[in-house]
Amino acid sequence: MDTVDNILLYTENVSKNFQGIKAVNNVNFKIYKNEIRALIGPNGAGKTTFVSLLCGRINATAGRVVFCGEDISNLPVFERISNGIGYTFQITSIFFNLTVYENVALAIKKDSTNREENSVSEVLNKVGLLDRIEQRSGDLSYGHQRLLELAMGMAQKPKLLILDEPTQGLSDSEIENFKKLIKDISSSTTILLIEHNMDVVMSIADNISVLHFGEIIADGDKETIQNDPIVQKAYLGD
Amino acid sequence: MDLGPYLLFASLEGLVHAAVLSLIALGLSLVFGVMRIVNVAHGEFFMLGAILAWWISSFALGNAALGFLLALLIAPLIAGVIAMFSDWLILKHLKYDPEATIIATIGILYIIQQAALMTFGPDARPVEQPFNIRLDLYWFGFSAYKFFVIFASIILLLSVWLVMAKTKFGLLLRATQLDSETAQAFGIPISTVYSLVFGAGAAIAAVGAVLIVPIQQAHYLMGGEPLLLAFIVVIIGGLGSLRGTVAAAVLIGMSDGIISVFFSPTLAKILATLLVVFVLLIRPNGLFGTAKA
Amino acid sequence: MRKDLILHLGALAILLFLELFGVFSDYHQGNFARILVLAAYGIGYNVLFGYTGLLSLGHALFFSAGLYASGLSIYHLDYNVGQSLILAICFSAFFSLLIGYLALRTVGVSFMIVTLMFSQVGYLCILYFGGITRGDEGIVIQQSSRVFLSLDLSDPTIRYYSALIIFSLCLIFNLWIAKSSFGRVLIAIRENSDRALMLGYNVHLYKLLAVIISGTISGLAGACYGILFGYVGASFAAVPYSIFPLLWVLIGGAGTVLGPLVGAIFMFYLIDYASDITDAYMIIVGITLLIVTLYARRGLLGELRYRYFKWIP
């Protein structure tokens, strides 16, 4: 429920203005530990902007972001990431000239108990890229590159993993695989998922937030959102 | 008492400096604004203008005014063509990748500079002024030609502004500058536009050289200092901002001229660069700049 | 780790044995002593350009900072070689921190221009304060001052071995960095700095550290050059000495440890040959830059690494 303990991250009146355009407008957002939250909304609704405000890629014009009880609004990106927020890019952004191994190795946090090779193998095994460990990542297929992107997110062992349209451009079987993986990760990590693919959203999300013109217009579990007239109008009246 | 006339003299010298500097910096800024590349060989096109001016005026058989006129018409043309040729031969193949272009233009710098050394030689050579009138400014005499240089620069700057703001070609340039992908989609021949701009940038710098060479002398190493000053101007004025470039050129040119007269040219350069440091600390994009580097 | 260790120690061994078994004539011995110190400068440059991906066009500033710190302290303050080297290293480190902090306020193209400008100012300052630096004319460091641990550094053989030692130290240090986790982060920043940031790395701090390491190695090379060859002059602060390390690194292979040495050897002899033919031998630098940029961007070792030997660090 809504006890303070249960909330992993929340925002208070967070806004972002771009020269007069309110990309994100006074958003109060909460995400609970260990849930899979989907963030949906029509194109241009401000989803990527909002999420960038959370991880610090963009500075908010107003408002606060609180993560694990700590106000991170003024922390630079890299500090928020090392505090436990992971982010995977909408447009694949791996180290194309480096091998699969090197990509994941860079993502892993230093762990004195486990040797690096073991940690890397573990992650790659989970996503199914272990046999390509020495391959130059730029030579991988698009689907495998998306998997690598996800693996890098997993390797960080974040408290909150933000996935920005992870299934974009994937084939149906690849999407099924992703759904399984995300479900799997969610047992140890909280997931914030930006998605356009409603099938994916409906099958794996616990709760859904709907963003429209930079504002949260609906928030709740699957049934509530599906039957919400405001949401239907926003999508249909697009 | 004594300071007044000195200051006036130094200011007039500074204005001459500023006039020529604004032309050189304009060329650099125009190329960056439209093509998003930095031409490190820019100073050498300036030098080329001066060398060519000397060479062309030697054909006028003693008639300095005719020589000057010929040089003013032909030297920028040749410099522009050589620039377009380098763009076609080299820069296009690099697809204007910023880093590769800078390295390649350094290569072009050395080729032009050393070619000048091989043909023109290591000596400085004078060029005669087209007319030798001295104006009596009460405290001192001042060369009318220097006023002409200031005047000519202003005319050229205004012309460039007119072309950019009022003509169709200027519109094409501004469109390409704002969004080259969309410009291409609208059928604007980007490749040709780039070549012309690159050539124009060099030509404008060469005009500055033709104007200054009767005052300064032509030398194969004369491109280095203007390049440094032009860089200072575009950093302070903001890469890609034409208005900022002119404003900064006047500021830098004037102070460089004045400090050079009162103290030393070397000190003037040092102070100008320290000014850049100061600007960078408070406004990393330059005073006017909006263009992302 | 084994294969690359063999390669690099092997290269050093070759350089050792060439001298030990008297293969070098006097002429080449002197050349290679210079090449080795200059290659150390190239190694310093490579840390910033090849590994971190930051193109500096003003590294002569760092080279001459070390050169003048040690040279002036010997000439004016009677420091001995050891003291002057320590001074040069400390000064270079501090100076790189300062310059790095300022220059890193800019990005991309502006960074390149700013480094070029800073080095121009360094050059102008050396001329302006000619009272201390003797400007263009430069300072000759007497043979008597160039002694270390009772060894006369101006003796060609001792000079060669000294240059080899300095180069070896820089080479091994670079190899260590290249294989360390610090080095891997630098490479990550070069490859995709946005991504590196999003993995939690303090990219700005890493870049600053890279500048400091690069500047200090370059300064050390500068100091050694003055001490070993007895001359401290303004020409080492001028633009060509910023372009040379870029050229060596490009030819040999940016981001390879041995690249700078390969490039330095190649360009030294190419320029040597060209200057016999014409006064305008610097045109060779221009032509080589163009050819490398157009057709051989990875450089010799870089190309070998890409095609066949992926383990070359």
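General observations
Just so it is clear, A, B and C label the chains in written order, and each chain counts residues from 1 on its own.
One rule holds in what follows: a residue touches a chain if its C-beta (ideal position, glycine included) is under 8 Å from a C-beta of that chain, and two chains touch if they have at least 3 such contacts.
Only a predicted model underlies this, so the values are computations on that prediction, with no experimental measurement involved.
Distance from each chain's C-alpha mean to the overall C-alpha mean is smallest for C. By number of C-beta pairs in contact, the leading pair of chains is B-C. Per-chain CA centroids place chain B at a distance of 33 Å from chain C. The mean-CA centres of chain A and chain C are about 44 angstrom from one another, to the nearest whole unit. Mean C-alpha position of chain A lies 50 Å from that of chain B.
For chain A, the set of residues touching two or more other chains is empty. Of all the residues in chain C, the ones that touch chain B in their complex are 55, 57, 102, 105-114, 116-118, 120-121, 124-125, 127-128, 239, 243, 246, 250, 278-283, 285-290, 293-294, 297. Chain B contributes residues 32, 38, 40, 90, 93-94, 98-100, 102-104, 106-111, 113-115, 117-118, 122, 224, 228, 231-232, 235, 239, 264, 266-267, 269-270, 273-274, 276-277, 280-281, 284, 292-293 to its touches with chain C in the complex. In the complex of the two chains, the chain A residues touching chain C come out as 55, 57, 76-79, 81-82, 87, 89, 93-98, 102, 105-107, 109, 152, 156. Every residue of chain C that touches chain A in the complex is listed here, in rising order: 184-185, 187-188, 191-192, 194-203.
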